[in-house]
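Every chain is named by a letter (A, B, C, D, E, F, G and H) in the order it is written, and numbering of its residues begins at 1.
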Amino acid sequence: MNDQQELRELLQQIRDGRMNVEQGMQVLRNQMVQDLGHTKIDLHRELRNGFPEVIYAEGKTPRQVGEIFGHMRAHGNVLATRVTSKTAEHVLSLFPDACYDPLGRTLTHVHEEPSPGRGKTVIVTAGTSDLGVAHEARTTCRMLGIPATIVSDVGVAGIHRLFDQMEHLRQATVLIVIAGMEGALASVIGGLVDKPIIAVPTSVGYGAHFAGLAALLGMLASCASGISVVNIDNGFGAACAACRITRLLGQKDHAD
Amino acid sequence: MNDQQELRELLQQIRDGRMNVEQGMQVLRNQMVQDLGHTKIDLHRELRNGFPEVIYAEGKTPRQVGEIFGHMRAHGNVLATRVTSKTAEHVLSLFPDACYDPLGRTLTHVHEEPSPGRGKTVIVTAGTSDLGVAHEARTTCRMLGIPATIVSDVGVAGIHRLFDQMEHLRQATVLIVIAGMEGALASVIGGLVDKPIIAVPTSVGYGAHFAGLAALLGMLASCASGISVVNIDNGFGAACAACRITRLLGQKDHAD
Amino acid sequence: MNDQQELRELLQQIRDGRMNVEQGMQVLRNQMVQDLGHTKIDLHRELRNGFPEVIYAEGKTPRQVGEIFGHMRAHGNVLATRVTSKTAEHVLSLFPDACYDPLGRTLTHVHEEPSPGRGKTVIVTAGTSDLGVAHEARTTCRMLGIPATIVSDVGVAGIHRLFDQMEHLRQATVLIVIAGMEGALASVIGGLVDKPIIAVPTSVGYGAHFAGLAALLGMLASCASGISVVNIDNGFGAACAACRITRLLGQKDHAD
Amino acid sequence: MNDQQELRELLQQIRDGRMNVEQGMQVLRNQMVQDLGHTKIDLHRELRNGFPEVIYAEGKTPRQVGEIFGHMRAHGNVLATRVTSKTAEHVLSLFPDACYDPLGRTLTHVHEEPSPGRGKTVIVTAGTSDLGVAHEARTTCRMLGIPATIVSDVGVAGIHRLFDQMEHLRQATVLIVIAGMEGALASVIGGLVDKPIIAVPTSVGYGAHFAGLAALLGMLASCASGISVVNIDNGFGAACAACRITRLLGQKDHAD
Amino acid sequence: MNDQQELRELLQQIRDGRMNVEQGMQVLRNQMVQDLGHTKIDLHRELRNGFPEVIYAEGKTPRQVGEIFGHMRAHGNVLATRVTSKTAEHVLSLFPDACYDPLGRTLTHVHEEPSPGRGKTVIVTAGTSDLGVAHEARTTCRMLGIPATIVSDVGVAGIHRLFDQMEHLRQATVLIVIAGMEGALASVIGGLVDKPIIAVPTSVGYGAHFAGLAALLGMLASCASGISVVNIDNGFGAACAACRITRLLGQKDHAD
Amino acid sequence: MNDQQELRELLQQIRDGRMNVEQGMQVLRNQMVQDLGHTKIDLHRELRNGFPEVIYAEGKTPRQVGEIFGHMRAHGNVLATRVTSKTAEHVLSLFPDACYDPLGRTLTHVHEEPSPGRGKTVIVTAGTSDLGVAHEARTTCRMLGIPATIVSDVGVAGIHRLFDQMEHLRQATVLIVIAGMEGALASVIGGLVDKPIIAVPTSVGYGAHFAGLAALLGMLASCASGISVVNIDNGFGAACAACRITRLLGQKDHAD
Amino acid sequence: MNDQQELRELLQQIRDGRMNVEQGMQVLRNQMVQDLGHTKIDLHRELRNGFPEVIYAEGKTPRQVGEIFGHMRAHGNVLATRVTSKTAEHVLSLFPDACYDPLGRTLTHVHEEPSPGRGKTVIVTAGTSDLGVAHEARTTCRMLGIPATIVSDVGVAGIHRLFDQMEHLRQATVLIVIAGMEGALASVIGGLVDKPIIAVPTSVGYGAHFAGLAALLGMLASCASGISVVNIDNGFGAACAACRITRLLGQKDHAD
Amino acid sequence: MNDQQELRELLQQIRDGRMNVEQGMQVLRNQMVQDLGHTKIDLHRELRNGFPEVIYAEGKTPRQVGEIFGHMRAHGNVLATRVTSKTAEHVLSLFPDACYDPLGRTLTHVHEEPSPGRGKTVIVTAGTSDLGVAHEARTTCRMLGIPATIVSDVGVAGIHRLFDQMEHLRQATVLIVIAGMEGALASVIGGLVDKPIIAVPTSVGYGAHFAGLAALLGMLASCASGISVVNIDNGFGAACAACRITRLLGQKDHAD
């Protein structure tokens, strides 16, 4: 990773006496946080928890998103999530080479395609209506360099559609299972597959579904062991959790 | 049914002038409601909605339950539900031939075994911990004259246990599906079987299960069509719903 | 039923050696699931749980609904529920012979009127505002071949309106009781009629009604025995539950 | 009322110069609030909102209740509510002439029977299990001088039991309707009777009843007009509300 | 009351043999319920619980409201509540003499001003934002013939504004107290005034107010005795409850 | 303070006999409450709890806000909160010198800049999306004469951004900590700084955040001692709480 | 403060070369955190946020509490909260000079009475049942060196009891207002007093009070400006919040 | 794994014709599910999702647990969770070599120590009160053959205790973060470490913590990316999720 390389050099310069401590502090601080007034862009986040900073567009004005997008774009790839079409239009007018996915509501700028990591993430949805969340997850995976594919519409109301896909599912390194309604798909897959499963409840449903609460509680109370859950409709978070897992695969200290 | 027979005769006597209206009123009223002060026993309920009155023991003192039990026992079979062991002891000391099931918490007096009706009710449970509710349902079925059997511990965490029982399930007239945790069993069976399904969420689970709320919401939001739900832990109600259905089978006007 | 006929023939061909197992698998799989990329249409669902697949339009784009509608239309009757007027306009522009009911928000294509089954379903509403849900239920009944009529606006605030209709209600095979506010209508009818009752809470009400929660909890906690409940505003589900019941009537093994 | 008499004399003494303002203040203050350290007994509350102070025993230690009971007993009648049997034992050991009702959990000392006011309050319960709340209401009525009777166990599951009592109910000045489960009794009575109705939801029920929430929401969302509701299990509050109403009857300025 | 007069004559005709029972039934039934297909107008509701039927416009289409309005208008005064401006426009285009109050969202037709009853209802609001609910209450009072005035904006944040109005409040027969936020106004007035108090929580507030839940729970849990509560924002219901109370004042059997 | 000065003179006039009691009452009452019909403007509120009256615009019509704004403007500075852009336009058309902040949704008229009090309030936000609430707080501080600055976007996902600002935070007299999502920022700052901390949960977040509930519960349950919390999104309330604290600093009786 | 003194000396030794950095680190680490295996006692917490570590006994076994109590006792004063009588017995058997308050459930060891700070904290309770929480707050104040007194039982149901105490309340530096039921006391005091107010909702109440939820929501939604709230029953937290405020009073940089 | 070995041999026998299909079916079925009447022990679960069946003791009687324990003990290692001390006593009386951990409430029989897998799981707790859940997690890890250690009592109220342990945390393969109160520890660690994080909310807390709800919602809404969550107090589930992850490490197809 580029960031780590630069950091190591800087520290070496300090150690060798080519730079004094105060100068080093100054350089580091400038590199790490770019202050736009309303927002502090955290450029070195990747060094700490392994994720580049992402623009969470909800609650931000189109102008704010555009400004942050521009600054981050100058440093490399950019991912913005929860982008309304109105905000997308504004940003696209500034940066016509950005790419907007209206179903997943993501806006991306790919300066350089992330080099694909190890492992295979399979994103499974219970119904067509869950596809938006699946798209958010897949785009996030791509930006994090995780190979990912979507298997859609295999909910338990027609359980043979799921069984048709079992071979595919069993080959996954990590499974992201996205379901609204009662969220039973996570339990069923959890009982059949021994891989890490990240369940995403969606707000698809009505009445006593209470905007995703039914699926959320169901997944948390699942009778299948070892399923973990992220927030309702949080395709982005599920992809990040998958990334935390697949990153383990290439690490020497575990694999030998 | 006995009750209907008696009623018809009475009305005939009035029509024939053998009894005047006021006398008839008196007789009917006395027969219908027996007033114990704290409780009005509704002896003719069976005439209206087809269910004999049942003692719901929760919130009643042992003495109250004992008194009502005694009065109803003089008219035929008795079923009391939600009976604590303390109340059961009191009633058994008064009527040693009553029968207490500590798992299902029912107390019964069977004067005459109800003649078995048509149809076959299969009571399915997801786990061993749901057995108490299944017992309440089975005892209620028996008192209503519905043949019923229990298939226990076939939850979706080990879905092949369910598939082993599919033949059995497909032969049912009505299915009562009892599950705690996320309640996914109802959805899976609902997708595989075309018979009436009454789902009973149970309070088995912990944490975000919120005493049955997760299973309840999950069953209501089920992606399988045509599942209907009764209250949490309500084995009694599920059996009554099954009874309303199986009673249809013997009725001439529908069957030809 | 057509589907079953075709299936039997296919299996016979395999048995007779006219088709080998692999070919049979291929044919079946193709027939069963039609994969549109975003959606897997489950054409054989009817074989398993007795319901043809239905388009749940909420959360789907007009284009997705149009595409699925077109594919299913090629195989027979189509029912889409929760269709907004905007989506309806799009589909009608593609298939002008489709039929949209704005009150029940259903969109249908009737290739061949389903042959009417046995039994009589009566749909009862507490108030005029519950009519949309009743329409969804009635249209679903029609598509499933269940004779159904609506009795509207007989809520308990004017209980004599209900009593005027008792004769009508008593002749039903199954009752679907639709009520918002406190949902008391289900309890009252449940105490007066001995037929299967499927209660549908509606989101009609305000304030402490919490979008149907008051009616839902009230119906679940009903003091009348054997009422079962479907999700808030779920007229479709209630009709399916009624269908699971009325289908029992024509079956030989129960009726003799 | 005694209190008002004393107050008038005092003010007259001040006006006549027999007592100066500071002395008057002193006397009044002493009379009004008796300070026990942990509790300030509000002896003149009756002058303001018409209710004598009542001991709410929940969350108070037996010793605290005993001490307050003793002080109030010295000034006249005493009513304590939510008294556990343990606290009752302690107070009875101090004041053996106090009277404990274990069902309604009230503890009373009647120095002088309150002279009965006008109007007739009828307390109606849906089931036997609601009797405890009805007792609390009746005892409170008695202490406030309101004639009150209980009609118990007339819930809507057997609606003819209610119709048998309609004549009785129509003669009431005020109705207190106490019901657990779905609380439908309040709606039904509200549609049949034109008198003030105070609905009391009770915690009788289980599962999705959520300790009275179902009945509370149902009564608030009732389709019958003009029903007002007090807190779950609050028989005391319902009696006070009835008292505020029946007190109007004797007042000259309204009645002519 | 007109309705009662007509009914008495009819019964007398039957008694005198001028009309037979079947004819009488026919006349009554026709008079009582006017069936518009979607709605059964309950013309005799006033005979039973004292309230004329009112149009609850929420969830009804403008056309439905217009149709019902027209039919009821032919029989006398009309009150419709929860009327959106869009529906109001439609009805006003049909019946230009109807009167719409956009703040209280009521639509009325006054054929004959109801003769004012006894008693004085004072409607108190905590803040200006609660005025819409107060208007709904006042219009309902007027249509029921109850004299009513509004005292607005006297919430406890400036408690002296309340004390300035105490004299006014003490002269009321019934108080309707309308408050959002924490709803404390009901408790404070309840501690100062001995008249019947109907508390109306409003949805005014934000965040943890949860659309009226905070005020509702606060009023139910009020430390002041004998306050009863109606649904959130339910000015109409509060007026009906006041009406049930003030009607008592003119009745002979209580007042002497 | 001006108000107190005027009041003291008035009382002196009464004491000196230059004005009689009734006249004094009249003057005071007029000064204190200005009655606009729908609203009683509480001009002397500052005398009681130290805050000038503020216009809470939510639920008020543009015209009402304009009218109140005009009356208060005649007496000095004005602050209106929760002002929609539509209402702002209306008021600005009447009073073009008013100032609207669309992010914080405040509308102000500054007749005379409040003289700055003691102490330093630092407003900290977890993310850019919390800035609107921070603006409401800062504007309120300014109108109350409290020096305040904003430190934005230092949430715990990049905890070093917070540590960079620790020096700044430690110099504060009072900290207002504004955070959505899980609200963890309040706990972390609470563990590091010993100054008064007022936590403001915001509605920024989605899914299981439930419009601020997650942050609210998290802040209330914080493991850091002595954090107190105001309502969701309540920047105004937080500033008032800060004002109650900083006002203590100049008071003689505490400081020596 | 002792801790700061020791720390300064240590750093001076390092600066003077009397101790090297590694030794200093070792000493500091040892002093700061004492590791008991299950618990890390944070002895220097006082340096960071001004509060000595306190034992939160809920969820800890008597043995664990005893062990932690013993270790902290060796370093000075100790405060344990939420101590059951069973745990208290165990600890008292080990350290007979510890002091247990069963009402407030605190267990203390006072090695040296904390020197009293500036300011005056007044703890106000609405009812006698809130006294336990008030005791917890007062004991915490004492251990933190804040002068504090309790004014109990002045709830708004008898508002003159509150007005009798206004003079007392106005002299407070900080007010802790403790109330269950609807929690209206906080709003009323907030409208009358201009000092910092920390509101503590209590779990005193029943039914729709939902274990403190009604009071909590009411206090958060209070119409009085600038009230801040701590968790239900959290007397300890309220005292800490008061401490954060009163500590400001003696600080030079603010007071001149 | 042993199970897989046996299965392969069986299938080979069938392929080689040494066993016919029906015999194979019989053997498999017998091996897979052992039916105790109330419970079907799923002996081959390990083949499907990689977890041996575990006894969830909540809601089971001591006798049932004892019986299942005995049967599973005959096949190898046994783990029972949520075991009350009463049940433990019963089972220990039957199998004195079983091992009970009262803090974690697990009961185990270790026939053969599971051979330790790859990777290192670090279990972190915020407070001493969370230790029970940590014990459940650690025991589960041990039974699944995952090396695991506990780092306890490093909550964010004393954030330096956490920083002292960072080196330790960074060396983990997977982190299980267990926290009650507001659950902020998960967010802070998530921002600092790039490994998979499984967050476990606990029911430690009170009042507005609502038995773990505050921590659960906070963790789901966490601002740190890629944290996934299991049910409240579910140490067992967290260990299983960790197991699903660490099992990936030894698999050839990923590691090269």
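Odds and ends about this structure:
One rule holds for everything that comes next: contacts are C-beta pairs under 8 Å (C-beta built on N, C-alpha and C of every residue); 3 or more make two chains touch, one makes a residue touch a chain.
Chain by chain, the UniProt names read as follows: A, B, C, D, E, F, G, H = 1-(5-phosphoribosyl)-5-amino-4-imidazole-carboxylate carboxylase.
Owing to the predicted nature of the structure, the values given are computational and were not obtained by experimental measurement.
Hopping across touching chains, the smallest step count from subunit C to subunit H is 2.
Listed candidates were G-H, F-G or F-H; the one reproducing the C-E interface, defined as more than half of contact pairs identical by residue number, is G-H. Farthest from subunit G in terms of Cα centroid separation is C. The angle of the rotation carrying subunit F onto subunit H, fitted on C-alpha atoms and rounded to the nearest 5, is 180°. As a whole-number value, the distance joining the C-alpha centres of subunit A and subunit F reads 38 Å.
Mean C-alpha positions place subunit B and subunit G at a centre distance of 54 Å. Rounded to whole angstrom, the centroid-to-centroid distance between subunit B and subunit E, based on C-alpha atoms, equals 42 Å.
Looking at subunit C, residues 48, 127, 157-158, 180, 190-192, 207-209, 213, 216, 220-221, 224-225, 231-232 sit in touch with two or more other chains.
Contacts between chains, counted with the stated touch criterion, involve the pairs A-B, A-C, A-F, A-H, B-C, B-D, B-H, C-D, C-E, D-E, D-G, E-F, E-G, F-G, F-H, G-H. Put simply, subunit F touches subunit E in their complex at residues 29, 32-33, 37-40, 42, 45, 48, 53, 56, 58-61, 64, 68, 82, 201, 203, 211-213, 216, 231-234. Within the complex formed with subunit E, the subunit G residues making contact are 126-127, 155-159, 180-184, 187-188, 190-192, 205, 207-210, 213-225.
Interface residues of subunit A, counted against subunit C in their complex, comprise 103, 127-132, 152-154, 157-158, 160-161, 164, 180, 204, 206-209. Interface residues of subunit H facing subunit A in the complex, by the touch rule stated above, are 48-51, 54, 118-119, 173, 190-198, 216, 220-221, 224-232, 236-245, 247-249, 254-255.
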